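Each in structure tokens, the structures are laid out below.
The two complexes that follow have chain A in common; it is paired with chain B in the first and with chain C in the second.
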Partner chain A sequence: MYAFEFHRPTSLRQAASLLGKAEDGRLLAGGQSLLPMMKLRLASPGTVIDLGAVPGMTGIERKGRSLVIGAMTRHAEVETSPVVKEAIPALAHLVSVLGDPAVRNRGTIGGSLANNDPSADYPAACLALGATIVTNQRRIAADDFFQGVFTTALEEGEIIVKVVFPIPSRAGYEKFRHPASRFALAGVFVARRGGEIRVAVTGAGDSGVFRWHEAEEALKGRFAPKSLDGLTPSTEGMNSDIHADAAYRAHLVGVMARRAVERALRR
Partner chain B sequence: MAADLQGDGLTRAEGSGRPPHPVDRGAVPRGGDGPVHVHRAYPHDSAHLHVQGAASYLDDLLEPEGTLHLAVGMSPAARGRIAAMDLAPVRAAPGVVRVVTAGDIPGRNDISPALGDETLLADTHVAFHGQAMFLVAATTRDAARRAARLGRIEIEAQEPSVTVEDAERRDERVLPDYAFGRGDVATALKAAPRMLEGRLRIGGQEHFYLEGQAALAIPGEDGAILVHSSTQHPTEVQHVVARILNVPDALVTCEVRRMGGAFGGKESQATQWAALAALAARVTGRPCKLRLDRDDDFALTGKRHDFRVDYRLGFDADGRVSAYDVDFLACCGHSADLSQGVVDRTMFHADNAYFLPAARVASRRLKTNTVSNTAFRGFGGPQGMLAIEKAMDDVARLTGRDPLDVRLANLYAPGRDETPFGMKVEETDTLRAIMEGLERSSGYRERRAQVDAFNAGGGWLRRGLALTPVKFGISFTLTHLNQAGALVHVYTDGSVQLNHGGTEMGQGLYRKVAQVVAEEFGIGLERVRITATTTDKVPNTSPTAASAGSDLNGMAAKVAASTIRARMAGIAAALWGVDEEAVRFRDGMVAAGAESMTFADLARACHQQRVHLSATGFYRTPNITWDRASATGRPFFYFAYGAACAEVLVDTLTGENRVTRVDILHDVGASLNPAIDIGQIEGGFVQGMGWLTTEELVYAPDGRLLTHAPATYKIPVSSDVPADFRVELFPNSARQDTIYRSKAVGEPPVMLANSVFCAIADALASLDPGRPVPLDAPATPEAILNAALALGGGR
Partner chain C sequence: MTTVTLTVNGQSVTQAIDPRTLLVQLLRENLRLTGTHVGCDTSQCGACVVHVNGVSVKSCTMLAAQCEGASVTTIEGIAQGGQLHPMQEAFREHHGLQCGYCTPGMIMSAIDIVNRKGTALDEETVRHELEGNICRCTGYHNIVKAVIAGAEAMAGGMRQAAE
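And then the complex of A and B:
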């Protein structure tokens, strides 16, 4: 490693002010993305601001027809939370197939969303569930939040505080994992709330998580795997790399979408 | 109580926790005159050290004062002329003591095992991406690695050859084409009732030894040098270091106590790092250490050869083969390295276990601008065998017969027992007994019915089942390598030191050879001290390879020990006035009739009588000849046999798959050590399974290797090992006079994993039963899905 300044603020306001003042500051949550990036020199912040001691940023709560998860809540807590299992079991399932136990015990939802890795799982859930990302400055709809590979709507100095998920009537997530990295080669989250159906795809698109509108339309007729038969997104806009080519990814999206619907119907 | 020389007390002799099997491996010495230490399960000689983290690997050795650390400056292009190399920024970097280039080499800039076609440091041209161009010696490893990136290198780059087709287009080869065969294949193909043509692509494989390449060179007096190297071939390291430094072989000593895995990847591929360390030590006058970073290790060292195989097969309605015409096109990388022997072994195993009345087995050794592909457990054999297994499956699809029946119909049998290279298969009974034994013990027929019934349900999940044989030739096909030496000392307290030319890479060779020596002297295994392999104790050794480690070194050690034992018996006989033949060595005692004394007392008595208690032993494998030019002779001492039955579950919509059960029946003759042998069988199978399923090497068009770390290159881990995994040793005894009638075990089990590939194909075949399955290796999910789509499934 190289030298950098390290802060451990004890309030959100203090964190924000440190972030504002720092020349080249980065927030630290679980460190599961930031630290590997620093080791690889893909990031080399001069100042690291650890959110670990900021009160009020963790916890899972059901508030009426929403599920609220604090930004610093670890993946493992979401995975095992009875509240989550009751309200949005698909979310608990999503976290159970995220990374490995070490990652799940350190990584946080806020870090994952801020990072917006194109193969990350949480962005698919947020987009499909129509979540709202609440920062220290404003509320951002998921539809506006994810803006491309590793890019979000967050401004300089903005800190995610919590995420609000409207509770769907049905939801399901299916992911095809890369055998080595466990990241999604294709992951599809489907959610239905009242008449609204949303299908979000991660891992496959060349500009990060996206909504697959064609599938949403098809599911409006009938919310059943059959409605998606023969449906595969266009290979255009699909990522092609050493792990899989665009055609394979597109195919997987179709299969994962059908299975996600199946899973949503199982409950 | 005698000192325990191994430190482990051998108290866990029964520690493998496996079900009993035919070879007796009781912990207590057996009565009678039977052997005590061989045919018995002892733990690995360093097991107690491994689990405590106390076994020293090269990087754990204490570094001498003033040791410098090395890093390699690598080529930024895969093919071209070196136009300029500005190393001033490297020299100026902090901590750098010296930058070494080809110009600093006092001897020949040549690290090739034989042909003189591979440089230590590139001088005029580069031939693959990452090739070593210069070497940085610095005060820390970190400083050296940082500095190594600062070279300003200009290369007049050309389009590299990366694939078989690239090399074919350029018509570039590292070695001449070679073929052998029998009969008039063209006519036989025409005459055959049915004919099929096929093409199979087979991927390479990274060795992924857990201990990467490493070497430490320590300069001595008068130009002498001691090189610690993580190598399977200390003698080659010695020779190449002497060649590079322009000193006699006698000034160079190479030592290796153990490797953290090698798998063939340290047979010729360890030499360069040892030679670089030696060169830097010579130039700086200081000890120098080079340990490759994992990503660099991937980029710099050779791998298993990738192939394209084109074949034509003539057969009848019963699936019996009458002619096989096969072309093996091997990507050898930028230099010949060991490609002659590797691809020859592919050809020697083109038949696997099947009689081919007419055969033409041809090969091309193509030059590609990639790392120089090299030895890898199986040494070309796996590729040859996979091709014929694929062809057997094709026949089964086209005739509608069960693939196992097709295999049985073509199995070597009395009267149908000559290989395409003219060697008789002497143990056809063993081969058939293993196949039929496994067919029964695995419940193949019942499970075949279940699998077919399941697949008839038509869902997207399909099950697949396959039972495939292995017949693997044992001996180096380069006949002169089939020799070994050992050195044994008996001290006057009756303790024994053992040294031989074989290297320990985790495979348990040291333990097996120690068992042989303890057996010979009739003393406890804890009285035999195993010492590091080094060229100054046993010279002119062969690499520890070709599965021949125990066969060769066990015999050499037995010769050395029995020489000393005979001298000792002579003294005891004279003392007691009995015949030498009457003297017995057993349980730490020497006895004849009513007379007896301890082994230690006899050793002391021998010393008093001025009897030499040290001896060398030498062994050369008898009964082998091979004349490559005329393709005649008997290249192998014997064959090792085995068979595996694998069952898989395949998701035909995604290609995801799981191996649900594996049954193995494998022939190691009369096992020297069943615990170690079963470990080798399990490990070999899993490694083969990785090669054929998840391990995929991907090169960019510019020749860069894109998969160079575990995040992108997936080797099997413990959770990938089949949950239901049943391994049995076939009760057997070698027909040839091998060491205690055991058979080699290092490589053959890799090819048991062909059953996994064939089982996946079997699952896919259910999508369209009458057609050959267009599946290439590795059968990654993507490859499986593409095959499913081609068969009308996948949706």
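And then the complex of A and C:
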């Protein structure tokens, strides 16, 4: 890890101002992605701004027909929250299969979204649920937020403050985990709210999380696993690496999508 | 340099550190608490697990500077007055280790599991919850047995404490 200056601001305003002033500043949330990257020297910020002491950035709240989660809320809190289990059980399930307990005790939703790892779980939930990412400057729809592998709509100096999830009538998530890393080889989140059906796929696409429109159309007829029988996304645009080739990933997406619908119907 | 003040195994500690210092380095190199191990240094193996404010964390994946004001418990801090913690005793009794390298992390994770899931644990739960702890020797079988027995023994201890 290269040397850096360390700051621990005690307000959002102070954090933003430090981030604005630093030439090469990086926010630190749970550190479960950034610190490993810094050790590998894939990231080498000159200034690290720890959000750990900023008040008002954690918490889970139901507000009418939405679920609001603060950016610094740890994965473990989302996993065990009765509010989440009641409003969007699929989200609690998603977090329960993310990483391992020690990672979940540190990692945060804001860090996961800002990072936008192509195999991360939260981006699939945000995209399928049509979440809104609220920063210190504006509100960004999930459809506009994720812009490719490790790339988001966040501007320099922008800090995610909270995430707003509209509560669906049905939702389900299934992922095929890489047995060693526990990241998704393919993960599919399906959500239905009124007449709207959204299907988001993580881990499989070569440009990160994406919506699988064909499956959305197929599920509009009948929201049932059967509606997806025989359906697999095109191998074009699928990631291919030492862990799985494009054809295998495409196949997994089809299987995970059917299982996710099954899970959504189980509640 | 930056200064950090935290509590380690009940004692207040203030250290001037390079901001790069990982929690595990502060524990092992500055405080000479070498019970906490580094197996991978890439957040995978769990040999470095300690408790920070009562929950398990990988101390190789946390900056010491992030621990300002925090309370840290390491494997050295769980025995009481020369008596092993019930979870340590269970690992001894059930042969939950061979080389012992993963053991401190296993035990700290195991206590965290009991804190979250209670003292009546089944095998499936233990195996799922230990996903972040890797052992190259035992094949896990006796570790799982030890965790289930240690959890039961902790229930006894909690009953005693309550009486």
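Operating definition for what follows: the second predicted complex is superposed on the first by the 267 of 267 C-alpha atoms of A that agree within 3 Å, B and C clash if a C-alpha of one lies under 4 Å from a C-alpha of the other, contacts with A are read in each partner's own complex, and residues count from 1 in each chain.
Keep this in mind: a residue touches a chain if its C-beta (ideal position, glycine included) is under 8 Å from a C-beta of that chain, and two chains touch if they have at least 3 such contacts.
The model shown is predicted, which means the values in this text are computed figures rather than measured ones.
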First, second, both or neither for A:242, with chain B first and chain C second: first
Partner with the higher number of touched chain A residues, chain C or chain B: C
Touching partner for A:251 - first (chain B), second (chain C), both, neither: first
Which of chain B and chain C A:57 touches, first, second, both or neither: neither
Partner chain in contact with A:39 - chain B first, chain C second, else both or neither: second
First (chain B), second (chain C), both or neither touched by A:131: neither
Which superposed partner A:71 touches (first chain B, second chain C, both, neither): neither
Chain B versus chain C as contact partner of A:230, first or second or both or neither: first
Chain A positions touched by chain B in one structure and by chain C in the second: 180-181
Residues of chain B touching chain A in the complex: 653-654, 656, 694, 698, 706-707, 710-714, 781-782, 785-786, 794-795
Residue numbers on chain A that touch chain B, as the complex places them: 176, 179-181, 230, 242-245, 248, 251-252, 255-256
Interface residues, chain A side, partner chain C - complex: 1-6, 8, 28, 31-32, 35-36, 39, 48, 50, 52-53, 76, 80, 99-103, 105-106, 180-182
Residues of chain C defined as touching chain A within the complex: 2, 18-20, 22, 41-44, 46, 49, 55-58, 61-63, 65-66, 68, 109, 112-113, 116, 129, 131-133
